Amino acid sequence: MSKPALRIGLIGSGFMGKAHAFAYGTAAKVFDLPFEVELHTLADASLDLAQRAASALGFAHATSDWRAMVADPAIDVVHVTAPNAFHKEMSLAAVAAGKHVHCEKPLAPRASDAREMAEAAEARGVKTQLGFNYLCNPMLALAREMIQAGELGEIRSYRGIHAEDYMTDASAPFSFRNDPVGGGVMADLGSHALATAEFLLGPIARVMGDAVTAIPARPDGQGGMRPVTTDDVARAFLRFESGASGSVEASWIAMGRKMQHDFEVYGSKGALLFTQERFNELHFYSADDVRGRQGFRRIEAGPAHAPYGRFCVAPGHQIGFNDLKAIEMAGFLDALAGTAPEPFNFRKGLRIQELVETVLASSREERWRETT
Amino acid sequence: MSKPALRIGLIGSGFMGKAHAFAYGTAAKVFDLPFEVELHTLADASLDLAQRAASALGFAHATSDWRAMVADPAIDVVHVTAPNAFHKEMSLAAVAAGKHVHCEKPLAPRASDAREMAEAAEARGVKTQLGFNYLCNPMLALAREMIQAGELGEIRSYRGIHAEDYMTDASAPFSFRNDPVGGGVMADLGSHALATAEFLLGPIARVMGDAVTAIPARPDGQGGMRPVTTDDVARAFLRFESGASGSVEASWIAMGRKMQHDFEVYGSKGALLFTQERFNELHFYSADDVRGRQGFRRIEAGPAHAPYGRFCVAPGHQIGFNDLKAIEMAGFLDALAGTAPEPFNFRKGLRIQELVETVLASSREERWRETT
Amino acid sequence: MSKPALRIGLIGSGFMGKAHAFAYGTAAKVFDLPFEVELHTLADASLDLAQRAASALGFAHATSDWRAMVADPAIDVVHVTAPNAFHKEMSLAAVAAGKHVHCEKPLAPRASDAREMAEAAEARGVKTQLGFNYLCNPMLALAREMIQAGELGEIRSYRGIHAEDYMTDASAPFSFRNDPVGGGVMADLGSHALATAEFLLGPIARVMGDAVTAIPARPDGQGGMRPVTTDDVARAFLRFESGASGSVEASWIAMGRKMQHDFEVYGSKGALLFTQERFNELHFYSADDVRGRQGFRRIEAGPAHAPYGRFCVAPGHQIGFNDLKAIEMAGFLDALAGTAPEPFNFRKGLRIQELVETVLASSREERWRETT
Amino acid sequence: MSKPALRIGLIGSGFMGKAHAFAYGTAAKVFDLPFEVELHTLADASLDLAQRAASALGFAHATSDWRAMVADPAIDVVHVTAPNAFHKEMSLAAVAAGKHVHCEKPLAPRASDAREMAEAAEARGVKTQLGFNYLCNPMLALAREMIQAGELGEIRSYRGIHAEDYMTDASAPFSFRNDPVGGGVMADLGSHALATAEFLLGPIARVMGDAVTAIPARPDGQGGMRPVTTDDVARAFLRFESGASGSVEASWIAMGRKMQHDFEVYGSKGALLFTQERFNELHFYSADDVRGRQGFRRIEAGPAHAPYGRFCVAPGHQIGFNDLKAIEMAGFLDALAGTAPEPFNFRKGLRIQELVETVLASSREERWRETT
């Protein structure tokens, strides 16, 4: 009632645009948000498109002029879910207008652009968020809590994977994903694997990359073939500042895999296994268990693992992908209200972008690289 | 925009009251609903409670007088999520006022009451729904579709389970769940197992029940013990009208189980396995697969399994428990709009209640019973 | 070297005849057996068949006259793995000749026959064994040990299954398995489920059976169809003497299942899950685990679980089906040496046979039956 | 009967010595071996040790003089299962005496030694085998067959792991495994991962290694600490000659892992997943499956997957680790009989040793290396 209003402007209404709108719908009910969120204006490529999406997603207004919307004093927060190529321009415009910005990943095709964006936001004093929603899973919070509390002892090794299969079809035409600037699987999916790795184990200090183009040419849409130079599978060896070693792998040609965002963490006293394919579970091995009774135990998400209990008071009922986005939005609003730090801001997005570029540079140069 | 409004009155704001509100929030964005849903009034035991819940869940008004709300001409649909003991009185009042009613399960403690409710609704011409949300899972729709399309051949046997562990603590006090009228696990959880069985294989013709009180007395809250006569574990043999045989089991003392709503269906050409613990998966064995390559395959929910694609365009991302409730609400609204039959109305709820009572009677009498 | 010799006579060289020979080969090396086992004579239907099998399996002699072999003073132990129909006659002949007898299951088609066999053996003072090899799994020993040590608290409920799919083909001809005397799935597979149930939880006091013929007629091999009256799926409710309740199910038409010998045991402090499909694992839930860290843990067989360590000093390497038979043989030899009780003798086989018949009688009569 | 005799001399009676003896016991019964195998002489460090082991494992003679045994004209094949440090000397002596040699892995601490051994055997015309038993699994044969038959289409990427946890305890003393010559996890376990990778996908052309010492010092057994320079975790990027890319990882500090010998193979039409933790299963995804019915299917080992049927005529019953060794021995005997090529001879062992050294050299030099 007496909550301050927060008026949202959304650019884009595709997969992620919808997910943002869904997330606010859910977050407003599930959480005690610090704001009264108003879905104010939805901007899309055409007015017709924007109007239909606004109606479907519950926005009060629609526009085909994202610049006008960004400049509109009525708007407090701008969400950028337009195609990747526009992320930078739109975000910078919003920042310049003094808006808080939630931008879908990737921040920008190049780290230099991402840096410009992060610095602009910091200079302008607005708050930012990047959509790394896998990190919003209560089971990832649990994993990090267990690691930080020493339940696994000293962390010795790590393996992270993000593999899907949406680029397996060699007859599918060359797309923006194959574009040498900003494309490739390490940027698209490996960024998630890197973000999870640092979320759990802290900063990565050095990397050795291996980026591979498995489908060397794709149809150019005009009857010919266009060479592909971006990576379809990419791997990296990692050294964390903590001293632990590890690896990540990203693939978008992993036939049959829909959401293999997995990790394995091995410590001196225990281990954790996780797969996003069953993301309401975390598997924990404790060397402290009695001999003959040891084994990986399947912890199911429940009210003991905040904020799961916000969604459901009973354990084992499971939250969904869109709920992760709702947690993401709620975290951002807490940051806007000043009651919590930004969960994953442009600065952190820049960090991931730099890691991606360092991995790719390392791969090209065939040598280890420091991450900064 | 031009959609007709549908004004919701909700009674209760506990686990299920919240879930209903969440469901409307999600459904309004995910589906193209036939109505503009207005969360109009929330009624709860005290005005203070109601006001806080209304604010949190997005209802415009709050009241401590559910009777007044039910009678209010502004309300189109009444949702009953108050304690089980009130389901009948509230639903009947809403029906009498000409409202459509969505009531949480169970409909009523006794089938005779449920029958009264179903008949009242039918006589009054209002539409009804009962909250059997597990049936709203796209993977259950898939399972039924596969069975009906003959992909498993002739169905020969079935096993259904619904087991949780929230009543394992023998030192927990006697509660309404232990009440001889309407309590017991076959009513509380077995009803789900029975509903799923009929959803998949059609009507059950005969049952042989086995209802067991495993914890014979519980603290009465006054220093003494109170005998328990309701069932903690209950089983039934089944004969379907199709000729297939099967069984169901319900337990609320299955230590470690949080959501074991499982089934196994075996046919002459294939089989299906499902567990609600991983409810975005369905495991399918096809005898048509090539020799040496046969095996249960793990189908992950995706856009091929409507309405999953409404929530997410990418497979394997997973929907959550609250999303099942959103699907449930959307189905109800389609029924209200007249574009689809009621997915699970009071008549069906009565059917389940009768099945539960038949199983329990069969158990008491130690003989097979027709389900009528 | 100085071990006494034990001379084996084997009748039959099919699946189980081979398995017995394999088992001795393995047991002789893996265990420190109390005897020097000599594979003395193999008897089969024809001399040629017997000679080839003897050569392949390492028996010194071959014969087509099992009666002569049984009477041969050189033979100490007779193994009966001939077709079921001959189990009684052969076993009784061996007992009469004063031989110890290892008979494959089932002991006999009828409990009355089984009783005659058990009593004959006891009267003659010879030792006997029946091949219930699933009970020889170290993980079953572990499960029983955990239950008896109270690690699960008071046992409240049980579910056991034995399902395979070798009788799914309705066009396969009527066979001895469909014979009204001694055939049916409760006898063939349900016997295993019942044996495991009593192995883990102790005596069953009462049962209520449900035996179903799912494929009502099969080809008679002469162009016609022959009605089938034996059970393809059979279920039973159980009451254990301990007070726990439970159920078993047997099916040989469970399409896709090759070896679903499963159980779930729920107690007041913990639970166990097991499937023979992965029989080197036992899943254990302990309510004593810290809140937020609870879950079923996958215990992998290892040297902590005797006699696994005899086969392999490293955990997780897994033993196989034939190794279970080797453990079975070693247990029998210990009994013959007088250092341990008979693991599963004719008396216990009679017990299982009686349980099977009681379940079937209960099913026919549609009423609960005491097991006597 | 008329089979030629093959007289075995075994050096060593530890884990692997026993496994070899077990394997012959099983193989002799399960397979139709081309020889009558005689377990002739067992050599161990002391006569007493040798005699006890010979008695337990069924060898006719015992000796503490392995040189004499190797020179004994009565011996046809020498099995070397003594500590790694003796593998070379013993094998060369046996080769020099004209014996066929089965040596446990690793062949030798250095590839140069391994080469000497392979060349000596080839020059002398004797046959050899190295114990890479994981390759003997029928499910690996199936995987290779599927890959070679094109069931996965063009192979694009690969991930292999071999992780266990027997070196997790930092307080365990420095051992031969930590010795700079020949020690380290890439040699001990990574060799398996490399062998499986080449078994499935053919020759590896280039590698980039990352070998890590996670526990930098271990007790020296005299109250002090001794620095460790060998690898506890080691990874490699791979390029196969086929053009596919991949990786392997080896770890002996993977807390909780007992036998994580896993692989994932992704092709243009399908994928395979495997874990040695459940080595009777292979998971297969086929892009040819109907839309909406696709998923990884769990193929259980059965008679369709030779030589499983030799062990058991029924699918899903599972073979064990020792059975893999029996398959290994049978393959060697076929090679000795001249009816099949050597399954994994010293030349192949040399290849693996070279790969290990190349990975380690690559790691030290921090650059990609060709494998030859």
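For reference, chains read A, B, C and D in written order, and residue numbers begin at 1 within each chain.
Quick note on the criterion: a residue touches a chain if its C-beta (ideal position, glycine included) is under 8 Å from a C-beta of that chain, and two chains touch if they have at least 3 such contacts.
Just so it is clear, the structure is predicted and the values come from calculations on it, not from any experiment.
Undergrad: Can you list every chain in contact with both chain C and chain D?
TA: Output, common partners of chain C and chain D: A, B.
Undergrad: Using each chain's Cα centroid, which is most distant from the centroid of chain D?
TA: B
Undergrad: Roughly how far is chain B from chain D, going centre to centre by Cα mean, in whole Å?
TA: 54
Undergrad: Round to the nearest whole Å and give the separation of the Cα centres of chain A and chain B.
TA: 35
Undergrad: Whole-Å distance, chain B centre to chain C centre, using C-alpha means?
TA: 41
Undergrad: Touching two or more other chains, which residues of chain C qualify?
TA: Residues 257, 294-296, 300, 302 of chain C touch two or more partner chains.
Undergrad: Would you pull the chain B residues touching chain D in the complex into a rising list?
TA: 142, 281, 283-284, 286, 289, 291-300, 302, 304-305
Undergrad: Would you pull the chain D residues touching chain A in the complex into a rising list?
TA: 152, 156-157, 159, 168, 170, 208, 210, 212, 214-215, 232-233, 235, 237, 244-245, 247, 249, 251, 253-257, 264, 266-271, 285, 287, 294-296, 366-368
Undergrad: Where on chain C is chain D touching in the complex?
TA: The contact residues of chain C facing chain D are 1, 15, 18-19, 21-22, 25-26, 28-30, 32, 55-58, 164, 166, 257-259, 277-279, 300, 302, 311-323.
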